[in-house]
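Right after this note come the structures.
Look for chain A in each of the two complexes below; its partner is chain B in the first and chain C in the second.
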Partner chain A sequence: MELAKDISGCGIAGFINTDGERISGVDIVDSITLMKDRGNGLGAGFAAYGIYPDFKEFYALHVMYDNEHARKVTEDYLERKVHIEQHGGMSTRPIKKKRPIFFVYFVQPREQSTKGESEEFRLEESDEFIFKLVMFINENIDGAFVISSGKNMGVFKGVGFPDEIANFFRVDEYKAYCWTAHNRFPTNTPGWWGGAHPFSLLGWSVVHNGEISSYGANKRYLEMYGYKCTQKTDTEVVTYLLDLLVRKHNLPLHTLAKVFSPPLWSEIEHMSKEDRELYSALRVVYGGAMLNGPFSIIVGFRGGMFGLNDRIKLRPLVVARKGSNVYMASEESAIRYVADDLDEVYMPKAGEPVITMLTDEAYEKVYGSKERTYV
Partner chain B sequence: MYEIDARDVHYRELNAKIRKAIKEHNRDIVLHNVCGQYYIGCGLNDKNIKITINGVPGNDLGAFMNGPTIVVNDDVQDGIGNTMNGGKIVVYGNAGDVVAYSMRGGKIFIEKDVSYRACIHMKAYKEMNPTVVIGGCSGAFMGEYMAGGTLILLGLTKKEGKPLTGVYLATGMHGGKIFVRGGVDEKLLWKEAVVVSPTKEELGKIENEVKEFCNLFKIDYNEVMNEEFVKVVPKSTRPYGHLYFPGP
Partner chain C sequence: MKWMKNLKSYVPPSFVVERDDYRCIRCKACVEQCSFDATFYDDEEDRVWTWNANCVGCNRCAAICPTDAITVKRAEPSYRYNHNWNGHVDSLKKRAIYGGTPVVSMGNDKPYPIYWDNMLLNASQVTNPSIDPLREPMELKTFLGRKPDSIHVDDSGLKTRLTPQLELDIPIMFAAMSYGALSYNVIESLGRAAKEMGTYYNSGEGGLNKDHYKFKGNIIVQVASGRFGVHKDYLDVGSAIEIKIGQGAKPGIGGHLPGEKVSETISETRMMPKGSDAISPAPHHDVYSIEDLRQLIYALKESTEYKKPVAVKIACVHNVAAIASGIARAGADIIVLDGFKGGTGASPQVIRDNIGLPLEVSLAVVDERLRQEGIRQYVSLVASGGIRNSMDVVKAIALGADAVYIGTAALIAIGCTMCQQCHTGKCAWGISTQDPHLSKRVNPDMASKRLINLLEVWALEIKETMGAMGINSIESLKGNRLNLRGVGLNDKELEILGILPAGE
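The block that comes next holds the complex of A and B.
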């Protein structure tokens, strides 16, 4: 027996080209794989933005099935609910372990057949429509999970080391302007395919190193708004909180970061009157959305990416910039391995979000519209 | 000089190579293309060994080290000098979180900035007395739970209008000394720590360490010493003694 034991934490990495230039997944795989020892083979995954330019008007549902029966039930449901422009099995390479099957569906909401259904699934609110669809499948159909549901993006994740999962999903063959990646070392929750990061809903995706100790409080808070936590992992609540606070409550990203990582009361005391009122109000109104516990997260969204630490920075995060490329990772080496001669490298302060966005021209090029939305 | 190419070499293999080289009586070891390998120099004992690192070494550089000198010609990551007993680490760049975590002896010199929790739980005992000199600025919680040793912060990268330390400076500190060049913003300081002036003897120690720092990084000593140093020390050796049981 080998007398060795590695104690570690998860690793995260992210990349964005703010000019919208799409690059293959090779670099992000190299970057996260350099931090292989931060994980233990029980979960890895990638989120990619801009990978489906030919279907950019459609919601791309990446669905994971435990068996054919789950697929049949889900497809029956999808046919009733949405227009399916195209679908098919996701192209994969062989992997030496028991694994679920993966399908992708490019869909749009469509007219419902009964009055009751039309009232619940409203055509004019297409994001809300897809949100309800995803919640229904994840909660009610045994063995079926929608792992991503945004437009022109997708999530690839499973149980394994990052290079293994990347090879399985052929991540090297996709091209994206923004990539995030995760390497998992599960602590409190099981290592299963759905529990791997990123966690995604509509345009949001989250990779996370740390532990959301407030999971229970956040989960109860989200349930009041129709969000069902079904993935058995704390990070799931971060994704849903993003959706609730930004898509539904229209909070700016910077304010959202101050809900997730609020300043301590002792810090609020020393602020100007205006700030004191704002931050007190945020803590009171959004107490249930505050994330307690150590974390560093990288959030991918339609048109950008942001990184954030908990308010006393109990997990690492390094940010670097080179021209229009922005890199984030748990370790500087993971960035330096794929990019040298960086213009800037730094570790952001606790609770200070690092927000990067596509330029206006790039956004229009990628999404075919000038009007920005986050999902 | 014994050279090792570390490109794409796993940390276990790299550390095994270093140990093998030492066993074969190499005392001057140079590592090229280092990128993220953990635990370099971990537990090494011989004070005649020098390891030069080109590239960014991984976490826990020089952990439990007891004698050798490590020179890094680049940035370093988290946890350098973790529980280090003796020897020296010189960094020509920035350092990540928890520099000198629980360090017990030896010296660390960092050219530029450090992130959060530098010198957390650093300690001293009898002749063991660690010293850390940071050329740049520091993140929050510097000197957290510090129990002994000397930390000198020079703030040479300080920008106009920005503080040179973060908040919660010296939180839970109950031993050791922190010397800060250019003063401390008391709003950032923990309430159980105080700012005083260094004694003549302590100024001598600062001068010696700054001299060594300036020689290493080719910085003008007189310019550095032109500014005043202040000392941060804990008010008591048991700041949490009455946290749960109100005492006399």
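The block that comes next holds the complex of A and C.
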């Protein structure tokens, strides 16, 4: 009898050029496609940062519609709520199977739709405004789903193998300084285009391999702060937790990583007094935000990318560097396939975040401002 | 003669003690051990007899008998069966004969639904590895107290100071059981076990014997409506202060320690005259409203310089969610929910058996309500009342509790057989008594060891089930109702418990 290969889990990959040089989508597609075994054709997707330099001031809404009616309802709503600088159908290549329609909108909240005109228009408020807009559409408009909503970034995802999805969305024609990708082996959610990774909100995007056993606890924690988990999958909570803890609570990224994958109490006991206080407080206050269960994630954000494992490392993650390129992937082969002569390859320790950022010049070049924000 | 039968007051015995006369060696151990006058020795006949009517089924005699001669059996009532009147005939008769309402102890013993037994837990298979707690870290550490929504951290470190928290190595504490209701040795045992296991025991409402101040760091001190034994030193010894508003076994009424139990030391501890009944009023006479409760909470915080969390314990009653929300807003750091199956040292039977709400339901609605109102972070929830095993603990935490209290379970660990005679002060197992002859039956060395064993085994069992669920830290179980599935519950019950039915 032939032994069937036991395949399970998802594949993730990502890379960033910290000088902000924009690279075509070909490499990321090759990289994720190499790990074909890690998916089963029921979901794949890409997040790309820096793809809309001409509209960098605007929130780029990638919206998926099941039908024309949903589009009509959504567009009516958008017209009432935001200034639409430009919009149009996303360019796609024809495919045989039934698929949703995709539109992109470059929008900005109107001043009067947030606060009185006399008051200074604040960035945080416009982020919050867009956050609420996205939540409203996803929750209330049947057949419409915002798959990404950050500035100068976008998500492409759907049901299929990575190469099929890439081909459909013409990923090869985009250029981004940072790419992340996902190849999905869904076990716990039905194959729905919106359910593929990356999950994205404002500037955040998450690709995730694993299953979050703390999902029920995380979900109810998030609900207290107005996040509704509508997508029937665990990865969604990671995106919302990032948004809550970093955008709203201003936790630094490395601190956030310690909320997701906290040190053990037995480790905290042996820390210096200051660290002991900090890490105890993080665990005490943010217990509901801890991610339990096996995971490796790659998070894309405005100006950078970070990777993280669960604290007992139950899922693989490899990191490599070559010049100003930093690569992360489930398997080393996925990196070596697109980049040889690596300067450095290593496996980060359990719970140790790997955070990579654009250089200051690159950030300014890409986003047109010196002051960094994550979304 | 005390064993003389009285026709007018006859009610059939609840137990029959069978003694194998061939095995009985006339050692009279059972006679000496039975504190309920149910066993006696007849010199003339050289026989040990039992007065079944007095037997409470505590099994002390059977346990002590060196030749295993004794079997205690439940007596089936031999009246004609009537489903409607089953159990009520004798209960009615007792009222008619004695002209008083019966007082009982321990928890509600009626066959109300037990929701714990209608909930099943989850485990990981394939997509998510289960974790072996013997090989991998598995954390149960729990903090009780108010938590802010967020903390401020910058490059130089933590900028927010947390309010005081109770740190528990395991999410199980010993519930309020007073010195007075329980013997000195039992309190000593609870204290030692709490210290060893990194958790807390609750003084109950009877103050604290000076000897037990040594457990400082592992005591929660209670302030109840009688204010027995409450003074500055007492408050200072506590790691937290618990205001007792109500108790699950007797919602809406106060406490009663019969004068027979108010010995010299009890009177000293409680600061009241020896031999007089210790009556705690039904309400706190300075708490007639939620505003008053707020004042009491802050009075206690002021007098302990805001160094200790303040808990408020309430009995689960019909609008428990709204009450809990009010308590959270009144400034409590911890809310203790005591379900209607919780134990008591003495309660009128009608109250124990008919008032209150199941803990499971109360916990579910309180946790959900506090979350909806966005105030769940500000208060910890302790589930109490009828927790029987480690899986009840896991289910309580998954429903939304931060920790649990155990009372009856702890007493069973040290010998209690749930004979429900605590109010008589005659406990043959030396637990709920002040009779020195009886209370020495509890040896603190052995009893504390048993309590430690119990907590250690429960902790391991909790870790095993967490590992099966793929969770390695208790905070990820907290409120994680997706790990519960209901069986045999109707739609409304599932909705209230906030859990899915099995299969969904």
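Operating definition for what follows: the second predicted complex is superposed on the first by the 355 of 375 C-alpha atoms of A that agree within 3 Å, B and C clash if a C-alpha of one lies under 4 Å from a C-alpha of the other, contacts with A are read in each partner's own complex, and residues count from 1 in each chain.
Criterion: a residue touches a chain if its C-beta (ideal position, glycine included) is under 8 Å from a C-beta of that chain, and two chains touch if they have at least 3 such contacts.
Note that the coordinates shown come from a computational prediction; the quantities given were computed from them, not determined experimentally.
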item	value
More chain A residues in contact - chain B or chain C	C
Partner chain(s) touched by A:R110 [first = chain B, second = chain C, both, neither]	neither
First, second, both or neither for A:Y337, with chain B first and chain C second	first
Partner chain in contact with A:M35 - chain B first, chain C second, else both or neither	first
Which superposed partner A:V345 touches (first chain B, second chain C, both, neither)	first
Which superposed partner A:R99 touches (first chain B, second chain C, both, neither)	neither
Which superposed partner A:I312 touches (first chain B, second chain C, both, neither)	both
Partner chain in contact with A:K228 - chain B first, chain C second, else both or neither	neither
Which superposed partner A:H87 touches (first chain B, second chain C, both, neither)	neither
Residues of chain A that lie at the interface with chain B and also at the interface with chain C	312
Residues of chain A touching chain B in the complex	34-35, 37, 267, 270, 312-313, 316, 318, 331-334, 336-337, 345, 347, 349-350
Residue ranges of chain A touching chain C (in the complex, touch as defined)	8, 187-188, 210-211, 213-221, 223-225, 245, 248-252, 255, 262, 264-266, 274-275, 277-278, 281-288, 290, 292-294, 311-312, 314
Interface residues, chain B side, partner chain A - complex	11, 35-36, 38, 55-59, 75, 77-78, 94, 96-97, 115-116, 139-141, 166-168, 187
Contacting residues of chain C [partner chain A, same complex]	124, 126-129, 131, 136-137, 139, 141, 143, 147-155, 157-158, 160, 162, 165, 371, 374, 376-377, 398, 469-473, 475-483
